[in-house]
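Two complexes, one shared chain (subunit A), two partners (subunit B, subunit C).
Here is the complex of A and B:
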């Protein structure tokens, strides 16, 4: 029963990721794609959490935090690139 | 016009400590749990990259005066020296050992020489990752 619920949750997350992929491919502007990629990252975090419950293991909990960190850093890098044209600035004051 | 990134700066100042704590946890968890020198080093490198993203290269270099190329070299040297050190005890190259010690706060702790090798790996990974990103960003 519980495993069936987890599988349904996984399927729902998959549909959500597919919807985000549609936005990545189709998205008319660049920020749409970046937000969709961020959403895919969050959905992956949820999927890893559900899978680690399904497999009855603690071994994937670091993966959850790591995907969160990498998704955050990646989104900020994309946002910097869209806003300024450079990702890492030499000197902020000029 | 100088842009005002106060949200990004505030979040970075808090997130840096959380990610650094997590990377140190990952480093020390590597002996019995998932983790280790490589992923701990990469998480630390992501902290430095986040600082580079939120601030600029010169500010970060001013407040974090680390030579990352030297860090890579020292890491590789440390990893090799832990291998060479096993020669002094009549053991083959890269032999590892461990023992249990009584530490003041932690109680009985297992200390392994593999941690020294892992510190070398972590330093090499941090140095390499940050050097790559810095040299890409500076090639205008």
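Here is the complex of A and C:
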């Protein structure tokens, strides 16, 4: 019973990821794509968590954290890129 | 290290000293005087061997060089090698004496000259005395190299360089072929010593390698001895200084091929291929060389062609003499050995008169400033000694009494007449060809000898056409040709001294099967007068016809110009060289396009074709899926995602989409790692994929403004085929490898990582404990990559590309 629920959750997550991928591919503007990517990241966090429950293991908790960090950093980087044209600004003094 | 080895290596050792001597004493004394004693010493040393050798001994000494490979510096002194050794050292001494007067002390780089000459002399001695085929080959190549250096002695002249390059290409081509033949011989017989090969050869004459070994060895001999069609390098080698022409291209190096043929006659002789190839090539060379010698206007070129022709004569005699081996070694077959005797006899004679003629031509060149026949003439009264010398040499070459050429020419005619009656080798039909060709070639020989003598010395003197005022040469220059010419005469009057002491043992070396006494008795009974027989009438006919042809030379000399210029071996050689260069360049430019995509096409096409062919031929595909795990729904979904993103990379319109698709692909693979229970891999994969995508974006951002392509990947059918091929190949290989597990994996060992390494994380235990070396070097790879990126960014050349800091 519990496993079936988890499976349904996973399928729902997959559908949402596919929808986000559609937005990444289609997305008329750059911010659309970036937000879709961020959403994929969050969905992946959820999917990995569900899979960990399914596999009955603690081993993937770091993966969850990492995906969270990475998607955050990636989104920030993209945002800067779209805003200012560079990701890392140089110090203009030297 | 016996005396004979010391004597062979002496020139090499002395060559080291020459530059120091040159530096110290060149302003006082000509360097040649220091070099002169070396050949004299060796000559005197070799003279001691005549007594034991002529009584039938063989002196065999060994010096270990590479015993484990069976390559030792073994020397074998017998009649054949002794003749050559005496020629090399004797004529070498005379040539050095001549060169002391010929090469100017002030202007020439004498140390180079004498180093090359000593190298050559040592190599030649080593070549004739070596019994080990590979050592023989080593010396053979040293002669090629030193000859190359000597021909290009005046390297400022383009013609010298051309001649040197030509001779090197041809002789080294032959030398390498010869090496292959030697390797075959050593494979057949299991030994590297010539004498042992001879004793074992009867077992392998029917073997499959016999004929290839023979042909390859002959290729070496023919290229070195300037036989047709490889004779083209010899006339161009005349750009060398005249002492070199006299020494290398008349007396010694071109005889190396003769030596090889004579040395290997006991190995291959008696075979029908050997008989025909050697004798027919010799005959063709003889008539071709004598015919073209008449055409020449340059004295040295004339002598070069005459050398080619005389070498062809000796070669054909060696071929005819090998017929005696086909008969077994009986009394009646001994009559055919006269050809071999004539070959050895003419070899000595040719070395004497040709050396002296070259020196005379050098004197003429030195005293008048030209070698062109059309400018010379009437030097008879001005240079009487040179005239006498050239008369002696020229008449000996033409085969007239009272000079030694007459004797060997008579023996030559005897040999061809006897050979034409051979009852074997289908000589009944072709046999008559030999005397005819020999006679015609001898007529031409007579004509060019007369041209050489009388165009130069008779006729009208034209002082206004000469560069210098002609007068007789200094006495030192005349001594060597005088010595050689007196030998020419002495050998005519006392031929049997040479016959008894040198020729007979050399025949015993060339035809070792004739054991009974009296087989070679003819060689000790050489006489000038045999009564009226066919040979004498042939000679008389040669004189009559030759004289007529010489007197009417102006009328028929236009025949030489009927053949167009491009119809010659030289133009064939030049065209072949040029063509091979252009073809090679064309081929290279065809496939080395400079486009990486083309090279990738070659690599991948080769990879897939080779592997698929192997799989096809070896029936390597066996798909066994019985051990496979069941496929779950997650895996299917993820694989579909992978395929979609891969296709997204392929069909994306813009690069940005492609980059993001690649990123998606990497993340899905990280998910696969999650599903397949590999947390460490998933972690690493996620981070690396993120960084990679960021780097791709960096690259994308810095693409230049102009020619930015926002178009999809261009479709190429070859790329599609190759990519499909590679994909299919890899899939097949992976499935086959999966289906054919030969033994259990060793991963069970790592499962007790806690007991062994104190680590609960098995992957990390493997990485840093069980197999830490790999990790160490992976760290090194990363640091190298980091340093590389840093240097690429920091050490940019000024002014190349746009600087990002601006």
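Here, the second predicted complex is superposed on the first by the 91 of 94 C-alpha atoms of A that agree within 3 Å, B and C clash if a C-alpha of one lies under 4 Å from a C-alpha of the other, contacts with A are read in each partner's own complex, and residues count from 1 in each chain.
Simple rule for what comes next: a contact is a pair of C-beta atoms (placed from the backbone, for glycine too) under 8 Å apart; a residue touches a chain by one contact, two chains touch by 3 or more.
In this text the structure is predicted, and so the values were computed from the model without any measurement.
S.K.: Touch check for A:90: first (subunit B), second (subunit C), both, or neither?
M.R.: both
S.K.: Scan A:6 for contacts with subunit B and subunit C and give back first, second, both or neither.
M.R.: So A:6 meets neither subunit B nor subunit C here.
S.K.: Which of the two partners, first being subunit B and second being subunit C, lies in contact with A:53: first, second, both, or neither?
M.R.: The answer is neither, since A:53 touches no partner chain.
S.K.: A:62 in the overlay: touching subunit B, subunit C, both, or neither? Say first, second, both or neither.
M.R.: Both partners, subunit B and subunit C.
S.K.: By the touch definition at the top of the document, which applies to A:25: first (subunit B), second (subunit C), both, or neither?
M.R.: Only subunit C is touched by A:25; subunit B is not.
S.K.: Check whether A:42 is in contact with subunit B, with subunit C, with both or with neither, and answer first, second, both or neither.
M.R.: neither
S.K.: Which partner does A:72 reach: the first (subunit B), the second (subunit C), both, or neither?
M.R.: First partner only, subunit B.
S.K.: Regarding the shared-chain residue A:80, is it in contact with subunit B (first), subunit C (second), both, or neither?
M.R.: first
S.K.: Jot down the residues of subunit A that show up as touching in both complexes, subunit B in one and subunit C in the other.
M.R.: 59-60, 62-63, 66, 70, 73, 77, 87, 90
S.K.: How about subunit B: which of its residues touch subunit A in the complex?
M.R.: Residue list for subunit B touching subunit A: 2-3, 8, 15, 19, 22, 26, 29, 33-35, 39, 43, 46, 49-50, 52-59, 133-134, 137-138, 140.
S.K.: For a test of understanding, state which residues of subunit A touch subunit B in their complex under the given definition.
M.R.: 59-60, 62-63, 65-66, 69-70, 72-73, 76-77, 80, 83-84, 86-93
S.K.: Please output the residues of subunit C touching subunit A within their complex, sorted ascending.
M.R.: Going through subunit C, the ones touching subunit A are 633-634, 637, 641, 644, 648, 657, 660, 664, 667, 670-671, 674-675, 677, 679, 682-683, 686-687, 690, 693-694, 697-698, 701, 805.
S.K.: State the interface residues of subunit A toward subunit C in the complex, per the touch definition above.
M.R.: 7, 10, 14, 21, 24-25, 33, 37, 40, 44, 47-48, 51, 55, 57, 59-60, 62-63, 66-67, 70, 73-74, 77, 81, 87, 90
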